[in-house]
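Quick heads-up: structures coming right below.
The same chain A turns up in both complexes below, where it pairs with chain B and then with chain C.
Coming up: the complex of A and B.
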């Protein structure tokens, strides 16, 4: 690698930091620059929707430890705005150009915002999204001010975690989602139904089958009401829009790479692909932004939005960045995530979406302590644990091995009584 | 509602890989003020402990059977 140009990492968060560390661990001793648009050193996001909203941790308390001495140049508060692949040059917002020999793209994702059109006019104030430390600080301040009713739009992981925090704070909260249960897209409504019972016990006003159409402002321009597609309205003075994330690829619009709001497409070795589908020389991607072929869903591209993937993929990309052309190894990763909400530790491995059957193997849905496995066409593809984490590694091994569904653990005869279709919603129309 | 307050210099940085964590709570015995189990198996920890907790955090990291705990002393760049 030519010594003066060196490696540039774009996106200074979990994947960027762990990728940079892996380069150093792998023996790379040349120049290393990390470019990040946030003004902060890399920090951890999962606590933001849990302990920070609940007021147990300050928004600035989650800086990530550095696991090796990076000896890097940091360009923080400085977004990359363009990429000239022919010149191997990154353009930054302040007009400067940064040459690179190899580039690791780790720009992650941003919260999907509420659509603003000419018809809707500007958004009222008091409408939040949650992705960054600044978002968390603003939302925490809004919750601490004691709103009369918080409305959360979207019952995915972050929406449910936020609802749980709001109830811990004693706030009235409505959670609205078009699907019959929370977490319908990732777990299906059969398992999502367990969260419905948690919401009920916690006193969350859950509105399934609900489409929020528009927000109304009071005279001061603050949100006061959400109008529903069905005609009714919900009175609210604090809204959390939790509609998932879009990948941060806007800055790559002119770069001639296969990138859109669903991610930057890579090959199995984490190399970014150009518009013709060929690996772009020297450019790798990792973390939420990277969309890679997934060995578990043959022929399908997936961009995971999980902490564990950001760490593992960044390490893998770094390894390949230092390896020879003919030694580019395939990234094989069993996706895994965790969440905590309503006092329950939820952990999952594999990709449940697309399963045709789900079976409860340990515990019961009624007790809210169970382990369930998902199968597709007779193969075990995913497992989910509600407060039964100790069982998960054994199932993870079987999922990786692609065993038949339902999997058999140990010598004990398992009689599965709770067995059925997972009930995933129809795929989103694009 | 009160906000958690800043208590002077907090140079340690801690993160737990909660995918790896099996919730067996050895860290909670090693450093009871820094790691706490909630409910059946939710691990809550302080990601920015004060520097005098360094030995305790190191003990917790050692005690973790799955090596899920990482920390630094905030000195590295």
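Coming up: the complex of A and C.
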């Protein structure tokens, strides 16, 4: 590797930091620069929607520990704005350019914001998203001020975790989602129905089948009402828009790579692909932004917003960055995520969407303690546990092995009376 | 040589002092079928696979059957009822989910941080007192004089058993500990003694629970007997079973850990010196001890379904013996496994078992052992073994010295 150019990591994130550390661990001793659009050292996101909102942890107490002495140059608060692949230069917002020999792209994703058009006009104040540390700090301050009713738009993992926190804080909460249950896209409504019962117990006003159309402001420009497509309205003075994320690839628009808001397409070795589908020399990607083929889902590209994937993929990309051209190894990763909400620890492995059957293998939905597996065409493809995570590794192993559905018969606390169609919503129109 | 009688050799008291060469031979077949139809699991990987396999059940105890007394009223009416109660309210180490999980969660709630801190202070006091009592002696038996009394006193204080009853508790604990020993299940006399002690301690607990309801104090039994409204609670039969379990499971195991600890330290004088100079070494040293000389060598389970593991199929219904102590010495997992090395990295031992039945009292055991070993090496001047190997108790699972004679220059 050319000594003066070195490695540049774009994205001072979990993936960026762990990738940089893996480079050093792998013996890379040359120049190393980490570029981040936020002014902060890499921080941990999972606590933002839990302990930070609850006021148990200050937003600035989320900095990630450094596991290796990086000896790196940090360019924080400095978004990357462009990439000149021919000259191997990364352009930053302040007009400067960074030469690189190898580049690790770990810019992640940003919260999908509420669409603002000429017709809607500017958004009222009091409308939040929850993705970054600043988002969490602002939302925490808003919640601490004691809003009369929090409206959460979108009942995915973040929306549900936020709803859970708000109820713990004693705030009135409405959770609106177009689907019949929360977590419908991730787990399907059959399992999502368990969250409906949790919402009910916790006293969350859940509005399934609800499309929020627009927000109205009071005289001071603060949000006071959400208008629904069906005509009704919800009075609210604090809104959390939790509609998922878009990948942070805008800065790559002119770079000639296969990038869009769904991610930056990579090959199995985490190498970014150019417009012709060829690996771009020296450019790798990891974490939320990286859209890769998955050996478990042949023919399908996916980018995972998972903590474990960010760490593992960054480590793998770093390994390949240091390896010879003919020693690029395939990244194999079983997707895994967790969430904690309503006092329940939810953990999942595999990819459930696309499943045609789901069966409760241990425990029961009624008790909110269970392990369920998803099957597609007779094969086991995913498992989800509600307060039963200890068995998950056994199922994960079988998902990786692609065993027949359902796996592991004869388990303790098993009745297998509860199985059926998972009830996923129609794919989102783009 | 065939491996299907190796486990019988493990349980043979003649091999108690050094079962490790047998374990090495067992590991040649990670899952090895024995002549009696049971399956012994002895490699780290296979044990690890099985403790996280949901098809392995802990409900492997035969139904309770009290031996006949000759008294028709007892034999036809009282004992069948007692048997039914015992069968329905096994302690949680013999229960599967979901009941296991419910009971365990309720017990865990009682291990509060202030309570565990309180235990820390109690243990320090008890340890120094026990050693003070040895002043002037140049030969002691570590088991009788120290390791044996300590855990019962600690668990009694934690539970809230009045001090004047501790001695009686000690006696019950001794009898009941054998009930946890899988190879004693068939022994008629042991069963009779166990049933008698079990009835006596159950009656005692029933009374104590009543007392804790009348006059609640800040102890675990008061907490368990007076659940907060709206929180999960257990019935009195489960409560009694849980309290007895805490006493029994936390007793002989901790005795073994402390005794094995001192035995191992005297056998490795350089480690004893290092610990004396640096008490902060204790946590690492205890983890290595849990690997090298664990207090519990194996536990039994039952396969609920056919389980394919390490090239063998364990058929549904078969007894499974998880030989944790063999996994702890598996060269495929631990470099130079027969070496006692407190500086070992990545020491993922099975000293406290694993999976959902992972020792509930592990934090307590660590605290007790740390305080005990640090005090012993600090205060025992020039300790030496009077007999090596020491005589062992008969149990192959709860394996530990029956006596540990130690000669001393003096007590500091």
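By our rule, the second predicted complex is superposed on the first by the 423 of 430 C-alpha atoms of A that agree within 3 Å, B and C clash if a C-alpha of one lies under 4 Å from a C-alpha of the other, contacts with A are read in each partner's own complex, and residues count from 1 in each chain.
Operating definition for what follows: a residue touches a chain if its C-beta (ideal position, glycine included) is under 8 Å from a C-beta of that chain, and two chains touch if they have at least 3 such contacts.
Bear in mind the structure is a predicted one, so any value in this text is a computation, not a measurement.
Here chain B and chain C are compared by how many residues of chain A each touches, and B touches more. Judged by the touch definition given at the top, the superposed model places A:51 against chain B, while chain C stays out of reach.
Once the two complexes are overlaid on the shared chain, A:409 sits against chain C while remaining clear of chain B. Applying the stated contact rule after C-alpha superposition, one finds that A:369 touches each of chain B and chain C. Residue contacts after overlaying the shared chain place A:308 against chain B, while chain C stays out of touching range. In the superposition on chain A, A:391 makes contact with chain C only, not with chain B. Using the contact criterion defined above for the overlaid structures, shared-chain residue A:40 touches neither chain B nor chain C, since it reaches no partner.
Chain A residues in contact with chain B (one complex) as well as with chain C (other complex) are 369, 390, 393. Within the complex formed with chain B, the chain A residues making contact are 44, 46-47, 51, 55-58, 61-72, 74, 140, 143-144, 146, 169, 307-308, 311, 336-338, 340, 343-345, 347, 369, 387, 389-390, 393. By the touch rule above, chain A contacts chain C in their complex via residues 361-363, 367, 369, 371, 388, 390-391, 393-394, 408-414.
Contact residues on chain C toward chain A in their complex (touch as defined above): 52-57, 96-98, 101, 303-306, 316, 355-356. Per the touch definition, chain B reaches chain A in the complex via residues 1-4, 6, 10, 13-15, 17-19, 21-23, 38-42, 44, 46-48, 70-72, 74, 76-77.
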